[in-house]
Every structure is written in C-alpha cells, then in structure tokens.
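Scrolling down, you'll hit the structures one after another.
Look for chain A in each of the two complexes below; its partner is chain B in the first and chain C in the second.
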Partner chain A sequence: MRRSTRQRLVRLGFYALFVAVVVLVAVSADWERLQRSFFRLDIAGEQFPDIVVIAAKNTVVYTAIAFVGGLVFGLVFAVMKLSPIAPYRWLATVYIEVFRGLPALLTIFAIAFILPIALGVRVPGGAVGAGVLGLVLVAGAYMAETIRAGIQAVPKGQVEAARSLGMSPSRTMVSIVLPQAFRLIIPPLTNEFVLLIKDTSLLYIAGTSVTTKELTTFARGEASTSSNATPLLVAGVLYLLITVPLTRLVAWLERRQARAR
Partner chain B sequence: MTDQPAAPTADPAIEVAIEVVGLRKSFGDHEVLCGIDFRIDTGEVVCVIGPSGSGKSTLLRCVNLLEQPTAGAVTIEGIDVLDPETDIDAVRARIGMVFQSFNLFPHLSVLRNLTIAQQRVKRRSKDEAIAVARKNLERVGLAEKESAYPAHLSGGQQQRVAIARALSMDPDLMLFDEPTSALDPELVGEVLAVMRGLAAEGMTMMVVTHEMAFAREVADRVVFMDGGRIVEQGAPGDVLGKPSHPRTREFLARVLDPTHVPASNPLDGADAEAAPRSSGDQSPPRADGHGH
Partner chain C sequence: MRRTALLVPLAVAGLLLSACGGDDDTTTPTDTGGSGSGATDLGLISDGQLTVCSDIPYEPFEFEDADAPSGYSGFDIDLVQAIADNLELEVVVSVTGFDALSSGTALEADSCDMAASAMTITEERKANITFADAYYDSLQSLLVPEDSDVASIDDLGGKKVGVQSSTTGQIYAEENAPEDTEIVEFPGDTEMYAALQAGSVDALLQDLPVNLVHVEDGGFTIAEEYQTDEQYGFALKKEGKEALVGAINEQLQALRDDGTYDEIYGMYFTGE
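Moving on, here comes the complex of A and B:
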C-alpha cells in the first residue's frame, strides 16, 4: 500500500515536471518574433504547389532510385563478402569500408566532378544522375553490411536442408536464405530508407536546376529569396509527411507478419 | 550453376547403397572419425548408436557430404561422391535427409516445403509436385496441414513434414540424424511410427538414434560407435541383447538406466568397470532412454 502510494507520487512529480517545462518554454519564447521568422502564412502559401509537385516529388524519386540501386549493390557486395573466393571478399571489404567511411557529400562530389575528369566518365542524367549514383554507392555500402548480417542470421540448418534436397548453392541462396534474411532486416532497411530521404538534401553539391531541386535545396533557395525561414519549415513538415507514414506502414506490416507466423 | 544436372544413373544390379572405406574426419586437431569402414545394402535398415561425441552424426553427414571427409572414400550406389567430377547435388537429390532440428523452411507453407525442391531440382511441374507432396503428407498423416506454416505445428508434426519433404524427392535411401532427440517424449512415438512404416516398405535407412527400442524392433543391423570408431555391429538382438564389447555394455547400461552412471568420466566407458546388466536383459530397452 505504502509502496504504491509512493509510486503514484513519483509519477505525479514527473507529470508536474513536464507541465512546468512546457509552461516555461511557452512563456519565455518570443512568439511574435518566431512567427515573423518561421510562420509567415503568406510566404508558406507562396511555396505551393511547386514545393510539392517539384521538390517533394524529386526527393521521393531520388530516394526511390537510390534505395533500389543501393539494394542491388548491397546484395551483390553482401554475397561477395561471403564468397569463398578471397579476391571477391577483399573487393567487397574495400567497397564497404570506403563508401561507408566517406561522408556522403564527398562521395557525391567525387562522382559528379572528380570521376569525369579522372576517367572521362560522365554519368547519364547529368548532375542529378551523378548525385543519385553517389547516394546509391553510399546506400549500397551500408546495405551490404545489413544484408550480410541478415544472411548470416539464417540458421545453418536451413542451408543444410536445402542442399540435402539437391539444391545448388545459388538456388539455396535465392529460394531459402534470402527470403528469410530479408524478413529479418526489414527494420534496418526501413532505417536506411529514412536516412536516404534525408541524404537526398546533399545532392545540391552536384548542382541543380529549377526542375531538379529536391526539398531542402528548394526551400533554401526560397528562404534566401524571401529573406524568411518559413520555406524551410514547410520543407520540414513535408519531410515528416513522407517519413512518418512510411515508418508507420512498415511497423504495421511487421506486426501483421509477426501475427501470421 | 544449373539446377538440373544430368542425373547419374544407378545400376539396379548394385546392391550396396552406401559404402564407406577408411573414412577419417578431423575438426582442427580433433579427429572425430578415425577410419570407418561401413556399408549399407539396398533395403537395409541400419541404426547407429553410441554416446555423444562418438562421431555417429558426423559419419551420417559425411555420407551426403554435409561434412567433407578428411580422408577415405564414400560411395553411394556405386557413385564416388568425393570425385570432383561427381555432381553432388544430383546425388543428394536421391538421398533423403531428416535432421534433429527438423529444418523446415519457416517462410514457406507445408505444401511449398514439399514442392520447392521437386520443382527446382527435379523440374517437376507444379501440378505433379503438388500431387506428390499431398501423397506424402497423407503418408505421414498430415494431409490436413498442407497450408499451415511450420511454426504452427508441433515438433512431432514438423518432423513428420520433414520426412514427407525428403520422401517427395523419391529418394533411394534415407538418412536420419537423431530424428526424435529434439522432441518432447510424448511426440516421439508418432515420428517413430512413420519411420517404422518406411522400413516396412523396404526403404534403405541409416538412422542415428538413441531410441534403443526402435533399433531393436526395426533395424536389420545395429552399429555401435565410440571414440570415432565402430566398436561392434551386428543383428540388434546381438548388439543390444548380448554385446561382446565392454564399452557397448557400459553404454547400454547407462542408456537403459540413467541412474547407473558411475562417478568416473561418464564418456569413458572403456575404463569404467563393465557393470553387469540387470537380469532379464531380453526385455527391450525403453523408448524413453534417449537422455543424451
């Protein structure tokens, strides 16, 4: 009885603390100035529809391409990293260490400007193509490690069962190991997707035009033209409108799958 | 790699299903199999018994090359499986294997567990594969579970599905690696019943087991292994009823009466004084003596 009373008091104390902090922030904030800098409804209104039909759309398209490309790279290098042939393992290790270790901004810069000069290679799609390829390389490096961990988390008995039925190593990988591995790595892959959405903001380093701007670049441009930060806030809201439903959807899918299994 | 290799043709005149000569297997410095000579004839049911670490499971796994032998020869129906020219996938497709831990594919339904290798390895049509799968599910008494997922089945049911999965490839011989050791005692019987039925149908079977009653009743021959060697083998009545080697006697005494274990190293049966087996040793060992 006494213990439960104390617990109730402690909980009450935490509620009080929370309310106190909220009140303090509300009182001390300069609301009028905040509104002048970040909440100008007229400026926010001017952003539409371009910020959605150009900027947000570009962000989603770049992310999707980078994610799918990263998945392909990740899969290839994950399998290489587990290969019995040593040079493949080394190559995969070098790739993963380099592109995971470099800042994404530098990778995008290198693909866009160093690669054409050094090798005379021009990535199709111009600046955007180069930038997205940079993102693919970075995403691929992260996903290679995630996929490798997923493959290794599938019990050895699964491979043995498949091989004992006469399946070849590649058939075993495709039909038995990878489907189970991908189920295991849905949460980290979702994480990677969200990180990629935000990393598309680095594409500005490769150069952008009016129609290829993604959310952050677009909003920064608008913010400097209007000398007001409201466009950045609108962009922030749009980012959350993309990421939060996505993560909720994946969480729901996972729960549904957990129930079905 | 192709999934449909040219299947080596088995000569029906060859009566030897499995032949193992001078087989050695080491894991690092530890030699698990120290020169095994062993054969199973077509249609024979052989139970391999022995203490944990005696190498019996390793021997079984060397037969279909889940373990690569260090030295020696393994021949399946006249085909040298260690020959680099041999298509091991094609040989494995003819050897059914049942694991202690079932190893069903958890992401596939029971029916798909049974059809996937038929379609991908034997290149059967979907309809044919499903027909074969249903026939084998019925054989193990689980026809009504075809759309269930493995996680929804009991251990005994999972192991029966695993047997049906192996049978769906129409194997010439079956390997069982302690098929009931991971089961709750009350589920052992249903799996042994399926295996008993298989033996009665004339399937060639190599069974690593601790089920002495099963070995006595079903096996044509019992092989006792200890320390990486075959200590003795023969008719079940001889090996289990009147074993000639003290290590066999010691092992059987311990399996039949777990409280018997002497204070000395329980794995070193050779040095322990061979305790006289209780009188009336004609009574079959109890089926629940699989305490290893």
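Moving on, here comes the complex of A and C:
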C-alpha cells in the first residue's frame, strides 16, 4: 500500500469515528425527555419580547459600561504599576492582586452590602450601580495586567527614538507606546469582553428589579415560574448570539490589521 | 435541644402508627418484611433511601443540624424525616439551588426523589411538576427597621421592598403593594437581610417564620402579617412518581391525624 493511500484510509477512519460518535450520541439521548425539560416551544415563545428588549439589552449595556470602566481603571493602574514612584507601584499591585484574586461574586457582594454597612457609602444607581462597579473593579484588575504586558511588549527602540526626537515621557507614552500596545492586546481584550458578558450574570446577588434584570437572572426567574428549564436554554442561545458575532468581528479586524502591517 | 424534643413524639407516633396501621396498604410500617420491595414500588432512585433536594439554608424551613439523622433540620426536613420514618426509609438530603428545583430540572434528571424547599404550589408549576398535598399555609410578613415609618404595605409607595425571586412573597408584593413601589428581587434571605441592614431596601416581604428569625436578632420588627391563599408542597417529577406521591400524601394525613404534624409545626412556628 502506498503511503498516501494509507494516510487517506487513516483519515477516512477518523471521519467514520466522528460520524459514529455523533450518531451514537444522537441515538442514545432521550430526546423526548430532553424536549420536555429543555425545548418547550410554547414556553420559549412566552419569553419574547421581554428576554430581548429587557434582559439581553441590559446584559449588553452592563457589559459595555463595565468594559469601558475597566479599560479606564486598567490603563491607570497599568501605568501606575510601571511608574518609577514606588508607592504608586505598591498601590497598583495591591489593587490588581486583590480584585484579580477575589471571586467577582464576592466583589459585587462587598460593593453592594459591605460598603454601605461599614462606611455608609452608597453607589449611585442602586443595586445595579453597585454590581456594575464591582465588575468594573474586577475587569480593571485583569486589564491592568494585560495593558502592562502590552506596553512592555513595545520595542524599547520606539521609546528611545521618540525621546531622542524630543518627546516628553508622557507624550511618548500617549502617542507612541499606547497605540502600539493596544494593537497587540486586542485579542486578550476581546477575551475580557466576552468574560464580562458572562460575569454580568453575577449581578443578581446585589438585587434586581423587573426592569434591571440581565439574561441569566431573567431566565432563572422564568424557569422557576414555569417549572421548566426552557428559558435557560433560550438565554444560552441569546448569549451566543451576542458573543459569537463579536468574536468573529474582532478576528476579522485582526486579520485585516495583520495584512496592513 | 430541638432534636431531642422531636425524637420522643416521633418515636411515639411511629409506635402508634405501627400499632394501628394494620390495614393492607403496602406503605404502612407494619410491612416490615418488604422495605426493599416497598422501596422499589415507590420508584425511588436508590433503594431504601428517600433522596430529598432542598435549597439550604432557609431557616426555619431547612438548615444544617449536625445532631439530626440526615444532618439537616427544619420544618420541611423534619416533616420529610417523619414521613420517611413511617415508610422505613433513610433520608438523604441533597443541597440544590432553588432554580434547579423550581424549574423541575433536578427532579427530571432524577437527582432526587422529591424537593422539600418551602416551594409554593402554583398552577403554572403544576403543569410541569407534581405536588404532594399542601403541608403549609404560607404566612407572609413585612419586616422593617424598628425606627421605620412603614407601618403597612400601603406605606411602601416610592420605597424599595426586598423579596426573594419566584416566591410567594414576590407574588404578594406585586399584587398588593402600591403602584410606585420598587420591588427588588434577591436570590435568597442572606442577600435580602444584608440589603435591609445596608439600607438598600426599606422593608422585606417574605415568609413570616424567616422574618421572625431576624426579629430575634434585634433592630427589626414585623410591621404586618398577611394571610395568603398560597400553600407550600413537596415537589416531585411529573411522571413516574405516582406511587411515592400517594405514599407521601397518606403519611402527611397520618401525621396530621396523630398530632405529629402539630408537634413539628409548634416547634418551629409557634415557639412551643
């Protein structure tokens, strides 16, 4: 047997295995029970339009606020972490370690309940405001490290060239280093965005009202009311409808940029 | 303390039942020879064990208790324990989030035989899960800080009231609070109570016994109590648990008849 023939046969075997596994799963699954618990069309239909115009909308809005806020926090703390002034570095390190190390759920809980009890500090926007601030703090900690890595990945020669042209250190950072750093960190920032979309599901712990529910909380309530898990599945599909086009878009942007380089 | 107080009446009840339960029903404890076969008749997920899902803690309905046979106590759990004792079954408690219980998922997936988790019987839920006979008439109440100017549900206009998602309390608040009340939903009593202490909400509307636990902590008082026409029931899978539902209903009636129900009720709700 020729080597190419053998390779083709082996590949055929793998295709056959794949098909066999898919068929096996499809045949052995209890479709009727599955359908009864998770794919009830009538219950799925009842979720609309609220699950989109309230829940999915809120998820996107909270994510956008948390991402922009996190980006600002991240940028500030990344620059602080690289600062020549020691106390700034310490502060940045403490912030990053604390909020990267704490589960997001606990951070949200702390902002929503511990802060007002201990200090009487109340975040504007009520429960949602507190929850989103918690997400901003968590996202900021992750992004600070990402941005720092991006800044450090910009070749030193760039800084030296800018400085020798007479640019001040801050001008160098803003117009030479950061633009190149951000280009490098688009993939990890996309990752952070997608993580944030899913982390908004933790906001329920701070308390929600009819108009402030995000996707998961909405679906959990509906699943409980109707005693059927179908709403959770609808929410899952909506999450994918939000995240997949977004990640595809970023992948396309990346490819375009790679060509332009 | 609670536990020992309970064991005596339970043992007595068990004796009484076995003494007078001489009819030919397969689920009475006189049928000692066939606890194994009796268990299979009931369609249990594991022989000889009644596996109970519950969202714990929700004091006083369910909470951890190292001295209890199943490791948990509370009104729901003690009732289930009494039922299981009569059926000669061992209670195994599986702590499960309320979502998985009220959506019926844990039951459909056979994670447990029944859910005992202070669950309200509603028409909507009945379409997808089976409830045993009601075992508790839901009493709701409004918990406010001692210095609050909220004296009744009508004073909630423009204020925030905390409720637990998908509970009788939420339904009651939605139906009875003034239009401009902001109803804030929380996943559980822990968060609701924290929110009330933090001043994020002005009042809590939930089960009276749960609010009474907070009154004991001090600083808070019950402004109002509400009779609702809602009741709690043990939840079971829609299909395949008919025998167990029958056995549970029969035992619930027996516990009411012989006073065990009142004993357990008194222990948790009327402070006797």
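Keep this in mind: the second predicted complex is superposed on the first by the 260 of 261 C-alpha atoms of A that agree within 3 Å, B and C clash if a C-alpha of one lies under 4 Å from a C-alpha of the other, contacts with A are read in each partner's own complex, and residues count from 1 in each chain.
In this section, a contact is a pair of C-beta atoms (placed from the backbone, for glycine too) under 8 Å apart; a residue touches a chain by one contact, two chains touch by 3 or more.
Keep in mind the model is a prediction, meaning the values are calculated, not measured.
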Superposed partners chain B and chain C on chain A - clash or fit: fit
Touched partner set for A:Q180, first chain B, second chain C, both or neither: first
Partner, of chain C and chain B, that touches more residues belonging to chain A: C
Partner chain in contact with A:A258 - chain B first, chain C second, else both or neither: neither
Touched partner set for A:I205, first chain B, second chain C, both or neither: second
Which of chain B and chain C A:P169 touches, first, second, both or neither: first
Chain B versus chain C as contact partner of A:R33, first or second or both or neither: second
Contacts of A:A86 with chain B and chain C, given as first, second, both or neither: neither
Touching partner for A:A127 - first (chain B), second (chain C), both, neither: second
Partner chain(s) touched by A:L41 [first = chain B, second = chain C, both, neither]: neither
Minimum Cα separation, chain C to chain B, after superposition on A (Å): 44
Residue ranges of chain C touching chain A (in the complex, touch as defined): 98-99, 102-105, 108-109, 122, 124-129, 160, 162, 165-166, 182-187, 191-192, 194-195, 197-201
Chain B residues touching chain A - in the complex, by the definition given at the top: 1-3, 64, 66, 89-90, 92-97, 99, 101, 103-107, 116-117, 120-122, 149, 151, 162, 165-166, 169
In the complex with chain C, residue positions of chain A that touch it: 33, 36-37, 109, 112-113, 116-117, 122, 126-127, 130, 204-210, 213, 217, 220-221, 223-229, 232
Complex interface listing, chain A residues touching chain B: 155, 157-158, 160-171, 175-176, 179-180, 183, 260-261
